[in-house]
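One chain, chain A, appears in both complexes that follow, with chain B as partner in the first and chain C in the second.
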Partner chain A sequence: MAEKSSENRMSLERIQQIREFSLIGFIIILSIFVQFRNSNFLTMANLDDLLTNTAILSILAVGMMMVIITRGIDLSIGATLALSGMLTSMLVSVYPALHPLAALLIGTLIGFVSGSIIGLLVAKFNILPIIATLGMMNVFRGITFLISGGKWVSAYQMSDSFKSISTGSILGINNLIVISIFIYLVFYYFINYTRTGRKIYAVGSSPKSAKVSGINVTKITWLVYSIMGSLAGLSGVLWVSKFASAQSNTASGYELNVIAACVIGGISIAGGEGKVTGLLSGVLLYGILENALPMINVSPFWQNAIQGAVILIAVVVSALIKRKTGSSNKIRRED
Partner chain B sequence: MENKLEKGLTFNRKIKAEKEFNLKDFFLQWEWLLLLIFIAIHIMNSQLSPYYLNTYTLLDATMTFLDKAFIALSMTFVIIFGDIDISVGSTVALSSVIMAVLYNAGLSMPLAIIVCLLVGITAGFINGILIVKFKELSAVIVTLSTMILYRGIAYIILEDQAAGGFPMWFNFLGWGYIKNLIPVILIAFSVAAVIFYLLLHKTTFGRKIYAIGNNDIASLFSGVKVDKIKLIVFTLNGFMAALAALFLTSKMGSTRPNIASGYELDVIAMVVLGGVSTSGGKGRMIGVLLSIFIIGYLRYGLGLVNVPSQVILIIIGALLIISVLVSNLLYGNKSE
Partner chain C sequence: MKKIIIGMLVLLMLFTVVGAAAAQSGKYALVVKSAGNPFMEKVREGFENAISEVGGEAIYKAPAEPTVEAQIIMIEQLITQRVDAIAISANDPEALRPALQKAMSRGIKVLSLDSSVNPNSRMVHVNQADPEQIGRVQIQGIAEMIGGEGQIAVLSATSQATNQNLWIDWMKKELEKPEYDNIELVKVAYGDDLRDKSVSETEALLKSYPDLKGIIAPTTVGIAAAGKVLTDRDLVGEVYLTGLGLPSEMAEYIKNGVSPWMYLWNPIDLGYLAGYAAEGLVAEEITGEAGESFTAGDLGEKEVIKAGEGTEIMLGAPFRFDADNIDQWKEVY
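Our next item is the complex of A and B:
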């Protein structure tokens, strides 16, 4: 019995490896194809651009990955991002001397509060994640509108130090890229090598067994949404600083891009599965698609449809792969 | 097999009926609470505006919200399953856009309307077939991706243009009155509401929907064709979205790819506030009907006193969460 289960795990790990390799293979083929159509694609300037533009998406994706691992989903992050961005930039416009690090911290804190409210609703009061986040999405979006009075905070109202958060660079690498690499290192360690991180997987694989084995499921679920909120808050500051404008409809619908990147990266919607390395390739593929499509003259109006089709194909293909290996029998949708 | 199940279900219903014949339980029902809220909202609205409480206003107000209410009827079925469908807003946009483009390309209006309904049916059918064939995917992720996809197709077709110029008689759907008093949409909705009420509460089809919502594996073993019923319900949901698209397009006079965005929130809020449990198997049509009018009149009343639409969004969002919260606290949760 033990032998069998270890064999099964081996095959599961192999599937993950095959998945990642095929993703990387696909990325390479796609890059070569785009390069043939537009020779500006594989230049240092464009690659730098690509990574800078994908950085915020990648930060949000880490949080979303943990939420999805616990069988949840968070549709409110676009609104949380806008709320934190708006509040921080309004603060900066009043106190131009605010240190950039303080701005980042305040944004993260705002996100944490928003996330922990959602966490409380989901974990403590058993509200379905989709309902709780759909409702809070509108609440946050409305609050952002109310606070700003529908006005924008524009570039001239922001201090140079605030704008340099996203435009500056360390050792020639853009700050956004540095921050996202830092976050990936932290969360790679957190998810793989700390007890709390492993508990997230346990809760996702089977909430009941996790409870029986003494894991505080409520606390872990709350934590996951709070982390997601904090990362969204952080991203809000980065976003506003990058685009040098804060509006009440900032990043509206951006949560879908993040979910798409996670799903492509092999994070299973059924919960309990998904790796940081897989996520990274998913985010990269998504970033390349976003960067490359305009370069090969695909109309921006096609973007939505392509995005939807990509998510759909990604989830269906991963379901088919799992079915082939028979491991899907073990996954029950309802527990 | 079928017969046995029906017997079992009627038996079950009898037990339930006996158990629930209790005065205290009767008055603790969710629907009474809704009725109180309904009355409270009318009192509030009539305080806010002196022009509110008269037959014309009350009847006219239904024109502003009944288009999405059509979707709430079929969404009730979906949520009783314990599933969800967030693609409905996009389905409305897609079927409306295709109808308008085909009409402008020379198709006759009746044919364009039929195509509109067919598009809705197809969109719903695609959702259903994906959910049924890939059980490991939840309805959340399937309808999330089709939500983006359908609206994406609408954008491909119409880009940032608007299309309209419909014949005069088409406006009748959204703006017409019967006997100069009762809006056409109210009559159409009443007919649909009666049909859905009977379907859910008086047919074996309806009982099977509850059975699946309570325990789909047990229903499967009792001979309920779970897949078939789910497929029918999701297709029905697409059809109702297309129906809503007809009324909405007629009301607006023209269409754009971004119409009906955020409809899923309103529709789900209507259903959930109506006492339909998101964990499945619970809820009644009468509650949903009450909550449709609660949310509709609430929106209308706030609009009368110029409350910005963003604030109304906050209220609807909060209403959605509070209603789930209260129902979880009052009646407990299935998972516990």
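Our next item is the complex of A and C:
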């Protein structure tokens, strides 16, 4: 029995690897194709742009990945991002001397509070994640609108130090990229090597068995939404600093981009599955699409269609690979 | 809410006290979309200026929420008050018809401004945006900035946006003039009025066309996003930016020289023109038929033209915001 299950796990891991490699292969083919159409694509300057523009998406995707692994979804992150961005930038416009790190901290805190409310609704009151987050999405947007009175905070109202959060660089690398690398390192360790991190998978694979084996499912569920909220809050500050403008409808609908990046990265919507490395390639592919499509001179009508098609292909490939492993999965379940 | 209630009470008191005395001078009502809209506050300022110039009384009505129901109630009140004219910025083009037709049947002159109502529920519409002038003036602006030659690109909103597409058509027509022979429009990019996409599109323009000299962004989100990209890359004086933007959003980029100037309609002028149009209707100088003309105070002679099913009065060329006037406008809207 033990031998058999380890064999199964071997093949599962291998298939995960095949999946990731096929994604990386696809990224390489796509990059070569784009490079032929526009020779500016594979230049340092463009890669820098690409990574800088993908950084915020990648940060949000880490949080979304954990939520999706617990079989949840969070539609409120665009609104949380807007709320945190608006509040922080309004604060900066009143106190221009506010230290950038303090701004980041305040934004993250606002996100944490927003996320923990959602966590409570989902974990304690057992409200379906899609309903709870849809509701809170509107609540957060409404609050953002009320606080700002519908007005925008514009570039001239923000201090230079605040704007430099996303334009500055450390060792020649843009701050946004540095922050996102830092977050990936932290969460790679957290998800793979800490007890709490592993419990997230357990809750997602089977909430019932997780409960039986003594895992506090409520706490883990609350935790993932709180982390998601904190990351969205952090992203809000980064977003507002990057674009030097805060509106009530900032990042409206952005949650769908994040979910799409997760799906491309092999995070199963059914829960329990997904790896940080896979997510990284998913985010990268999404970032390349966003960056490359404007550069290859396709009609704007095609841009969306191509983006959608690539997402579908990624999901279909993942489903096909999964079907092949379906039989072995069944055996494992019977064990 | 409190402010509005107090405001209403004050207005009510004014009516009862002054009402009888002012009955002769003419009452001109302005109904806007909602309270607390900085743009509309400026429209009101212009409207009140015009009305005080003609010696009438201006009544300002602003619903707390931008709903058509609230506007209908206000129109009913104004009918009861027997105002002479109602100028409205509509929250819905169709739903106001019964109320406005009732007003017209009682002899009240009805006109719309900013956001129009159906031609059959108004006598004339005051349009802030003459698409032809808006398109042409942006080409004239960018041509002056880049010194009459070089590559330019347009960063628009969505590819289906009616306004923007119409303006871009006029830009292309302006470009056909021989004086622009050395200017090449290399691409119309679409930022979908999203910050992130507008930034990506601007970056792609800069990379795909290294000789690019100017960008026209006829959309508020696009022009601010492009301004940010050009600022971050320190392209002041190399790539020029103009278009249609909000003064508050563009203040930074106008002052740092990325965009020497840009355009948008002037809300004070819009209100002012609406005030004079209302006066013209009441004095029966015009009836809202195409071909008529009247003098709109400082704005000079204005003509009523046919537009679609109805008629319109065009405000004219958009207002130019540059380093000299941006500081006073950035607080406004």
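Heads up, the rule we're going with is that the second predicted complex is superposed on the first by the 310 of 335 C-alpha atoms of A that agree within 3 Å, B and C clash if a C-alpha of one lies under 4 Å from a C-alpha of the other, contacts with A are read in each partner's own complex, and residues count from 1 in each chain.
We take it that a contact is a pair of C-beta atoms (placed from the backbone, for glycine too) under 8 Å apart; a residue touches a chain by one contact, two chains touch by 3 or more.
Keep in mind that this is a model prediction, so the values were computed, not measured.
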{"item": "Chain B versus chain C as contact partner of A:Phe301, first or second or both or neither", "value": "both"}
{"item": "Which of chain B and chain C A:Lys275 touches, first, second, both or neither", "value": "neither"}
{"item": "First (chain B), second (chain C), both or neither touched by A:Ile259", "value": "first"}
{"item": "Partner chain(s) touched by A:Lys151 [first = chain B, second = chain C, both, neither]", "value": "second"}
{"item": "Partner chain(s) touched by A:Asp49 [first = chain B, second = chain C, both, neither]", "value": "second"}
{"item": "Chain B versus chain C as contact partner of A:Leu121, first or second or both or neither", "value": "first"}
{"item": "Residue contacts on chain A - larger count, chain B or chain C", "value": "B"}
{"item": "Touching partner for A:Val139 - first (chain B), second (chain C), both, neither", "value": "first"}
{"item": "Shared contact residues on chain A - chain B and chain C", "value": "150, 299, 301"}
{"item": "Chain A to chain B touching residues, read off their complex", "value": "73, 121, 125-128, 130-132, 134-139, 141-143, 145-146, 150, 248, 256, 259, 263, 269-270, 299, 301-309, 311-312, 315-316, 319, 322-323, 328, 331, 333-334"}
{"item": "Chain A - residues contacting chain C, complex", "value": "38, 40, 43, 45-46, 49, 53, 149-152, 154-157, 167, 239, 243-245, 250, 254, 290-291, 294-295, 297, 299-301"}
{"item": "Chain B residues within the chain A interface of the complex", "value": "82, 84, 86, 130, 134-138, 140-142, 144-153, 155-156, 159-160, 216, 262, 264-265, 268-269, 272, 278-279, 308, 310-311, 313-314, 316-318, 320-321, 324-325, 328-329, 333, 335-336"}
{"item": "Residue numbers on chain C that touch chain A, as the complex places them", "value": "36-38, 158-159, 187, 189-190, 195-197, 199-201, 203-205, 207-208, 224-225, 227-228, 232, 246, 248-249, 251-253, 255, 330"}
